[in-house]
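Listed next: structures, encoded as structure tokens.
Below are two complexes that have chain A in common, paired first with chain B and then with chain C.
After this line comes the complex of A and B, so read on.
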């Protein structure tokens, strides 16, 4: 369906969109321009062929994959329990679970550090996966719970009358319906884990255990002077997986925004 | 020791180290694991140093962790707060030293046992003193020093325009005007950052009335002393008279100003000996690759101009760029000391710090001027060494509160928010609180 609009309205809309596009594109163009400084395209080759990059990429994929697995499993099960199961103390429990949202992450780094160290996890990827997942679960729990609350109760009741137990209802009735929200949660969690800087900085000290967000810092002229060409080339390259993920899931990412707008 | 003798010692040490069979030096009796943290030695260079260390101490396993300067201290702070202190770590002078000194092992018995009762003779006096706490504990030994208070110029541009480095404030203004006329930024300073503004202010104050700055810092005189007010007014004139670049107060020294200078858009910059590596072939190659130019320009330090009209050029301040510290709670102190001792050895000081033309931690090793690429640079290394040997003025201030207050005052004066007297009166109020005057 297309709305009718006057030529003037269309021109204003297109102009506004172009302006907004330019504002969003400008930093990217600056980044590309800086990334070409020095060696030009060779900068990208230098970064890709750096001997540490494959290990950084693999570690980041493990961290992102592990975090997504933990977050989606925990948040989905918890959200389902809050929406569909007759829980006692549901409200206090929910408040307890989302309480971390109200705590500034910087204030809990020290206790997290002490625990990670006590568990002997320094320089291991679980040292990063655990805290990132713990800080992401509350957001995803709220998001998925909100989605599930929009599912008509009658669907759950019908499943129950047909003999589905709780797990079967989740597995065969709800999960297929939850695809859009699970995609959103996956992309969000991936972004959080992929871009995380501080936790890998303090927990992953050995070069072989580090992740892509640490990669740019290795491209320096000396200890005070960054090699901006190589650093920006690295920054652009490590954002490619995020871009690909977004492009692959873009249909699902846009749909939840519009779903339910029209009955 | 004369410079020639030092150079001969340096050459002998390097040559001997290269020729000695490794096996003959190996000490297998020292064992243990050592965690070493630094922002000062990039990862690849640190790994190479560890590899060399393991030729001498094959049974010590060193885990080397490098962070960028901006990451290093937040990560170190968190680790130390959690009780996870590295066995060996690098630390800065000044406030950072005071923060971490309580967690360190007293290195005096180790260094005395190794170098004898006159061990202090092996270090520059002022930097060594800044690593010793009030109760006499040697909390840190200088790994690398730095000299500050000098300016650098792009000799290539100056030669093209028929200019020479300024020796007075009037010449500095004239040279700046000539550079502006040629569409070159005359002088760059990241004046949004306190540390470089303080380097400049100390350079001015040490000319106007040598030593007064430190008397004020120690609370012995007021910050409103006339000589300091005059220094502040000279600082202000740099902004009013077109010497400082437009927008200096919104720029950082690294990377903004350094970037403008290195890409040949600016004629002069304030730097210290930490920038000496740019005078080596390796330094030149790194910059050429980074800035994508085949064009080589000659960057040369010059003495701070005579800004108070007494006919004397500026001197230098000296301080520790990076201490080596050992954790008081290390479980492998013998191995940790072996690493510290190795890093402070003449061999490593000459090859690592000397190779970059930065000031070694120990005074037993001198720089080799022949590593610089041009005559002017080699000359500069000689007068730098003379000024550093002569100076007793440290670069770092004693108390962080006064340092912060002076940093704010310098910016407020430069941006016309306060007069020199009023800004220094504010600093003095902080000083009175700190020193309970």
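After this line comes the complex of A and C, so read on.
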């Protein structure tokens, strides 16, 4: 939809938006200029060639990959059951699974921390994959469920008539149709896991086990005289994957919001 | 005829057989279904349920129990206090300060994010040039890690060499320059500015998506009616986006209760307790002061607040939509 407006209003709006774009972009430009301080492009080279940097990247990739696998599998299975199967207690069960949406990570870290320590799992990546997955499943369950509710009932009934059992229906009929929503869920879950700071802060304390969100601290060296150039080079480098994902999937990320926001 | 006569009879019979508990059961589970679920159908819920129960519900149970004790979280000896920790919360000034800060945070961030997001979305719904460039610039902070936002805030709002202060000096307002994050009067609001910079793109996206679905004739009719452009935007478009606004309010309040990274990475809750929020206060108590029992009690208060806020807004939304209908 295009809103109609007088030429004067249009000019004011165009100006306001250009200004807004500049204001939102300005801090990023500051970040780039600070990252060049004291060494220019060599700052980026220093950060990338630091022996621990590939470690951080790899650890973050494992955390993101693990979270994506756990979240997408469990959320898809559950969403399918809620939409297609005649569950009793469907409403309360759904509430139970989506209520964690509102739980602040800080309010459950203590029991997880104490048990993770007791099990000797501190400084291991599963210690952060578990809680990140638990807090992400509710959102993805809602997202995938609302997608599946849009699938015509007749498709499910036809599959049943053909004699496929409930899992075959999911695997061979629905899954191929779900590609768009699975792409969106994967990107969102990746961003959540990659950007997570609190849980790695608590559970991953050794340098070898740390992830990208810890990298800027690592390049701080000394709190009183931080090496701002290296720090900001690290900040920008860890943002590159998220930025590329955003630019590549921009349209896909907006569409499900369009279908869900008005309901 | 036969059907009509039989229907009330059979329903009565069901009612008599199962009595009040049966009615309650039907109410909770929804309408009885034609084909009943087999146990295997529930297996689909198992992975999600296991993970959520293990990390969230077990965690809440653990905290409820731990909150009744004086316990350091490290050793096995602990002393039963009953409601002692909760009584301490009521008297705890630092807790009250964190609660107030959290409330300020949620009110200011929700208000500014909704208004700003809506305005930008309305402007973007016109025939504007550089649409995708500008919307990308606005949205990029929302997909950026909070670590990045926090380090940027520290740099830009810093006292010496901070870009905000340089800008103020440039336009002759050097007298206003200050260490924005280090002064109690400005620290919380400076962090809010950073937070709003980060999340405007998200509320903009939601409103923009909602506006793309608005029926064009509705707006044109209003404009023809003589309502000015801005007036019609506010009087017609804002109410149409009501469900988006409610979603943003609920998400914003929940997000405020979750606020941790930006505070922890910039001011650490200081100066004094000027920027302390519930999550950072809880973190201090649990890990720095080793007061696990007390931290558990704060966790429970935090969960209850989140629950009350969510249920409250859902109730309000339900009532509003009934009023509108």
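In the analysis below, the second predicted complex is superposed on the first by the 219 of 263 C-alpha atoms of A that agree within 3 Å, B and C clash if a C-alpha of one lies under 4 Å from a C-alpha of the other, contacts with A are read in each partner's own complex, and residues count from 1 in each chain.
The rule is simple: a contact is a pair of C-beta atoms (placed from the backbone, for glycine too) under 8 Å apart; a residue touches a chain by one contact, two chains touch by 3 or more.
In this text the structure is predicted, and so the values were computed from the model without any measurement.
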Touched partner set for A:114, first chain B, second chain C, both or neither: both
Chain A residues touched - chain C or chain B, whichever exceeds: C
First, second, both or neither for A:38, with chain B first and chain C second: first
Which of chain B and chain C A:16 touches, first, second, both or neither: second
Which of chain B and chain C A:172 touches, first, second, both or neither: neither
Touching partner for A:88 - first (chain B), second (chain C), both, neither: second
Touched partner set for A:228, first chain B, second chain C, both or neither: both
Partner chain(s) touched by A:74 [first = chain B, second = chain C, both, neither]: second
Overlap of the chain B and chain C footprints on chain A, listed as residue numbers: 109-110, 113-114, 198, 201-202, 228
Residue numbers on chain C that touch chain A, as the complex places them: 28-30, 33-37, 40-42, 44-49, 51-52, 54-56, 58-60, 62-63, 66, 73, 120, 122-130, 132-134, 136-141, 143-148, 151-152, 155-156, 163, 197, 200-201, 205-206, 209-216, 219-220, 223, 229-230, 233, 243-244, 247, 254, 257-258, 260-261, 264-265, 278-280, 282-283, 286-287, 292, 295-296, 299-300, 302-303, 306-307, 309-310
Contact footprint of chain B on chain A as seen in their complex: 37-40, 109-110, 113-114, 117, 122, 198, 201-202, 205-207, 217-218, 220-230
Chain A to chain C touching residues, read off their complex: 1-6, 9-10, 13-14, 16-18, 20-21, 24-25, 27-28, 30-31, 34, 70, 73-75, 77-78, 80-81, 85-93, 96-97, 100-114, 130-131, 133-135, 137-138, 141, 166, 191, 194-195, 197-198, 201-202, 212-213, 216, 228, 231-232, 235-236, 238-239, 242-243, 245-247, 250, 254, 257-258, 261-263
List of chain B residues in touch with chain A within their complex: 39-43, 63, 65, 67-69, 71, 74-75, 78-79, 81-84, 254-255, 258-259, 262, 274, 277, 283, 286-287, 289-292
